[in-house]
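For reference, chains read A, B, C, D and E in written order, and residue numbers begin at 1 within each chain.
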Amino acid sequence: MSEEYVLETRNLVKEFKGFVAVDDVNLNIRKGHIHALIGPNGAGKTTVFNLLTKFLIPTRGQILFNGRDITTMKSAAIAREGVVRSFQISAVFPHMTALENIRVALQSFEGNSFSFWKSGNCLNKLNHRAMELLDSVGLAEFAHITTVELAYGRKRALELATTLAMEPQLMLLDEPTQGMGAEDVGQVVELVRKAAVGRTVLMVEHNLGVVSKLCDRITVLAQGAVLTEGDYKTVSADPRVREVYMGSASDPNASEKEANA
Amino acid sequence: QISDDMVKIGYLADMSGTYRDLAGPNGLIALEMAVADFGGQVNGKKIEIVSADDRNSPDVASSTARRWVENDNVDMVAGLVASSVSIAVSDILEENGKLGIVSGSAASSITNEHCTPNHIHYVYDTYPLANGTASAIVKEGGKTWFILTADYAFGHALEADVTKVVEANGGEVIGTIRHPFPTPDFSSFILQAQGSGADVVALANAGGDTTNAITTAGEFGLTQSGQTLAALLLFLTDVHALGAEAAQGIQLTTGWYWDMNADARAWADRFMEETGVRPTMVHAGIYSSTMQYLNAIKATGSDEAQAVRKQMMDTPINDMFATNGRIREDGRMVHDMYLAQVKTPAESTNEWDLYNIVRTIPAEEAFRPLSESQCPLVTSK
Amino acid sequence: MSDSVNPADIHKTMLDQQKSEHRRRLILNLVLLALLIVAPMVMYPVFLMKILCFALFAVAFNLLLGFTGLLSFGHAAFLASGAYTTGYLLTTFSGLSTELGIIAGTLVATLLGLGFALVAIRRQGIYFAMITLALSQLVFFFFVQSSFTGGEDGLHGIPRGQFLGLIDLNDNLNMYYFVLAVFLAGYLLVQRIVGSPYGQVLKAIKQNEPRAISLGYNVNRYKIIAFVISAGLAGLAGSMKTVVFQLASLNDAHWHMSGEVILMTLLGGTGTLLGPVVGAAFVVNLEYQLSQGPLADWVDAILGAIFVLTVLMFQSGIVGQVQKFMKKNIG
Amino acid sequence: MSPAVQNQVGKKDYEQLRVSGLHAFYGESHILHGIDLVVNRGELVTLLGRNGAGRSTTLKAIMNMVGRRTGSIMINGEETMSCAPHHIARLGVGFCPEHRGIFASLNVEENLTLPPVVRSGGMSLEEIYTMFPNLYERRASPGNKLSGGEQQMLALARILRTGANMLLLDEITEGLAPVIVEKLGEVLMKLKRKGLTIILVEQNFHFAAPLADRHYVVEHGQIVEEVSASELDSKRSLLNGYLGV
Amino acid sequence: MSMILGVPVAVLFGQLLLGLINGAFYALLSLGLAVIFGLLKIINFAHGALYMLGAMATVILFDTLGISYWAALFVAPILVGCVGVAIEYFLLRKIAGQDHIYSLLLTFGVALIIQGVLTNMYGVSGLRYSMPDVFKGGMNLGFMFLPYYRAWVIVIALLVCFGTWFMIEKTKLGAYLRAGTEDSQLMQGFGINVPLLVSLTYGFGVMLAAFAGALAAPIYSVTPDMGSHILIVVFAVVVIGGMGSIAGAIITGVLMGVVEGLTKTFYPPASSAVIFLVMVVVLFVRPSGLFGKEA
């Protein structure tokens, strides 16, 4: 079974001083899927992400990646294994150029990152690949702009490109469209779709439009526990999900209709 | 024969730190007074003064001194307060064949294991401090001693000297505490001293530590409970800061006191006019030693260090500072020292009227005899 | 801004830019080097050596503050441990050649740096500063208590000896060129580090640590290495200083020294290569000038005022300010 | 103020806010390039636009929370360009910032009672708890332990207590579950009925459209279009163009 | 007499009591630092200098204007508090919102200036201040002689500490302060005059330091460098307690006084280093300090 699942969690629990934020969660993420994690605010989605990437230590439970137990591995090691996350708040290196941002990611595979005696020129061979990546998210022309000066949407694109540079097998995206206008949301959806080819994506997202368009499978969390799981149709039809999460907006076509009205 | 056609004196002292008041800017004034009194020139050659703050740091001091002697033609370095500074600077002077006159330092090692043919230690050192105070108190009946020692070389040396003197006189040291330097609060140590039941509580520390310890001893009624307090190194400025009320009755040894005779008083009056305060023994020593130095140049017609030092050694010192003073071959200037006791507020007529001179300790008795010296200049003879 | 940008073109212009900047920097460095070589002919060499030693110290410190984003308030400990080790070895084992003493001092400081780093690295920002301060206070206590340091008298009369048994370092000029060579080696090493692949990661960590972690970097390892190198170079500076002045004292270990190196770096410009050098030269010279003049007893107050003014008015430091000015006016 | 007097801009009622020629800067960057807008009492007006258009900056500029401003901002007919932020708040302006601004070191009730009452007529604590029962349940928990939705409710409730009669709300639906978004919509309608003036910065047009009387479209720091609720249909495509829907 | 580790129990009691008294003193000083850091995120390196200023002011007020101890206990902190407000208003405000490192360096500079100026004006030997008459003498507790003044110090210091804690944690004003440190701009948007609040908070923290200084004047020698010695120790106390934790600063202050007191009994030379040792150990085990919130 571990062949088809990239990531599994078994009875994952996180307690904060008696408060159970993640309660006995069993996730099975199928290889090649775009998998969404949704749920009301405070359901524990971000906490699950933090557990998967070891920014938090699980209280109990197991995390398997490609069938291997990674529960005790450190953050950085997990990233090198191929589990890479993007952040809810934009995470770039603000005083580097876009190109340098990507190179930092590419460099982690070079094995020369501790070589403090080597000239920086040995990184130039990464430039080609870096430009390719930038081009793929439409940032080629901004390669030499310092990142602080980039607009918000472009920072997100850059972040995604950086994540892609890690050649992740599994990408964890926490609310990739939060705070974006409709136009940017569309762009991000396209980016994610492109990026997902050949890899697996696990994302947290409140924008149901995005979820319905992108995701192959959805897990609904509520109060730390899995409420239900399935494709968008099944999940959105579930009355419990409607009650705790979707409300009347459960049908994305309905809300679009309403807007068009 | 006077190099560069002038005599250049460098005044190096702590101008801004812990030792500022006992030498510091006022020491420079004392030096200037001496040069002015000498007429500003010697054998027709101008006398020039440069000065610098050593910031209590041997680094700063040695780099300044090095520059002075290697680059700026300084002939003699005066002042020299912190022992570490004096030792560091005397190395450089020896290397460059110039002269140093140490007026502020306490360490007796300066003319013992650290002696050089290129410096003179003028005013006092830990040997007479311990010797004068301790032997007097033991003789008065203070048989058992408890010593509070500042935990660094100066304190250790003083403690060792005192212990020797106490034991030699038939007393006993029943406890010592080495306290960190600096210590803001002495209550714990005073309590331990009190608990020891010793007749005498001796302070082998300096400056703020000593004044803090004395204040706390007063607060805890140390002397009321029958113990004697002995401060081994106390400058006039410290006592002035404490005031007669807090410091009354304390016995101490000093190399000079401004009110001890008419000459001293006259000079101290002039000094006070310039500075607004009474001089410490260091201030007086700077004035006196500079006069001796300039006189020696005048007599020999040379500012070459060895010639001058020899001339100074050959000339006995009798002036406002010293009676029966003489400079030995190890560089130690030996002179009479004085056992003083701080006056009571009732006895004291003004804020600087602080000491009663109890006893004059003759020069030969006060300082470490040459027979005990480890100075190669002495032993190799 | 069209969509038809060719990545290769952009790439080429960037390389050109980089080249011209390299050339400019090379020229600047050569000019400075020439100045340093002739300097002892016009200035007092020992004073220049003092500046070079402190400059090396500040450069080492800046590797941490400026390029890794860690404020150490305990760098005096490394300066002093280098100084004491070298001083102790050279006085105790007479005939030990000077460079061995210096290497030993550097090594001890490096090891001490490793110890500090292992304890402090888990904390960030102000906590990091405070832990390094506490550790350096413990080191200070150790130096006060140990007999081999000579307590507050310090070690003195340390022989300068000979370099490789050949060149007599008692001659100020020989000594100067030796110090200059060591300084340059240290400076170039830091320059190299900053530009190296490793330096790139440091930069990334400084700017966004969580992101660097998520890209697979074990940031603590990187920080520890930076700290250790910085400590080693600081120790080297201390060792050199000991040989130049032939003494080692508690002053080097006092926390004020840690404050002073911050001032030098900040004043010259953190995060620039040349900044700490300029800052060190400025501060050392200023302290000298002030201590000689009528303002001798105002040194502390004046240094304090400079601290305040630097923080308030030009945080990018002298070099940073000049760079800004150049950018504006030259483009 | 009844909700009947809305919709036509031309019909001058009591003019609660008039911004003219507003420029704003963050350090060297020039963000707002002459904003002009008018809001009457009891109106609900939205500011629409793309990311980075300057909508949040407009609200902050009204509160005097940006680096430097020029132009004119009249609140209740009073010029406020030289007023400190706390004076502006005392004119009856309640500001709900983009990132909620819940104070972690205070509990829910302390957070609620923190802003000083600036004028009479605010809601009482009881009324607020009736409106947001969740907050009552969690009144003793520290602010940062609330879920995102509750934090958002708290941020809104907090300024209702102060009696502010002009609310500046920045992206209050961001990151919230759809059920909660719906609920917020109901709350805003209630407030409008009570006669409060509301300026709403929203990304979620579907949320804003049925609530608002008028929409301003902001682009590159300028108002480029004004659309009233009745014109929504006719200007649909224009809006889509601006917003990239 | 029973003994513990070679020390009579009675002596040990005495030392513990003294440690407690010193601890109350540390608590007062570290409390001011913790208030300033906790609420304003300023690392106040000038704290020692301002403590010294409090003591100097007490002495100078007496010497020049004949102001008594009791009056000075109020007047000196207020005067120095005004100096603090001025420092905040003219200097710290200009760098508000920047990295903590800058406020640290700025206040370090201010400390150097204050200390340098006072050294030039009053020398380093210290100023004389005599104990107010009511406090002369002491009581015999059986195991030790306790000067009245020390008893007074512990009572008043702990009272002030508790009052401060209560004000910050339990009152509306405290809530403003706590909130203001998280997001001062927003607080101002709510109609609160935050700049004034900040000035007053800094002034208040400084007042606590100056109050400690005034309390210290009769028992320690009042010199311009009295603050620089104690500063680093007090910093260590605050860090051990957990930076910004008000209760932590108070409790740790008292605790460290006791620890130091015991060290003074068993191994005096290490008494100034022991606090740093504790600090390193504590931070190694609990990186945010004893009472600090998990970062």
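Here, a residue touches a chain if its C-beta (ideal position, glycine included) is under 8 Å from a C-beta of that chain, and two chains touch if they have at least 3 such contacts.
Quick caveat: nothing in here was measured; it's all calculated off a predicted structure.
Looking at chain C and chain D, the chains in contact with each of them are A, E.
Ranked by separation of Cα centres from chain D, the top chain is B.
The greatest centre-to-centre gap from chain E, using C-alpha centroids, is found for A. Taking each chain's centre as the mean of its C-alpha atoms, chain C lies 34 Å from chain E.
Remark: chain D and chain E have CA centroids separated by 45 Å (rounded to whole angstrom). Centroid to centroid, with C-alpha atoms defining each point, chain A and chain C lie 42 Å apart. Among all residues of chain C, those that touch two or more other chains are 145, 297-300.
Residues of chain B in contact with two or more other chains: 16, 20, 151.
Per the contact rule defined earlier, chains pair up in contact as A-C, A-D, B-C, B-E, C-E, D-E.
Of all residues in chain D, those touching chain A in their complex are 49-52, 145-150, 171, 174-182, 203, 205-206, 209-210, 243-245. Across the complex, chain D is touched by residues 19, 39-43, 151-153, 175, 178-184, 186, 206, 208, 243-250, 255-256, 258-259 of chain A.
Put simply, chain C touches chain A in their complex at residues 1, 5, 7-8, 10-11, 14-15, 189, 192-193, 195-201, 203-204, 207-208, 210-219, 221-222, 225, 229. Listed in rising order, the residues of chain C touching chain B in the complex are 44, 46-47, 50, 144-145, 150-154, 156-157, 172, 241, 245-247, 249-252, 287-288, 290-292, 296-300.
Across the complex, chain C is touched by residues 53, 55, 74-77, 79-80, 84-85, 87, 91-96, 99-100, 103-105, 107-108, 110, 112-120, 122-124, 127-128, 131-132, 134-135, 140-141, 143-144, 162, 166 of chain A.
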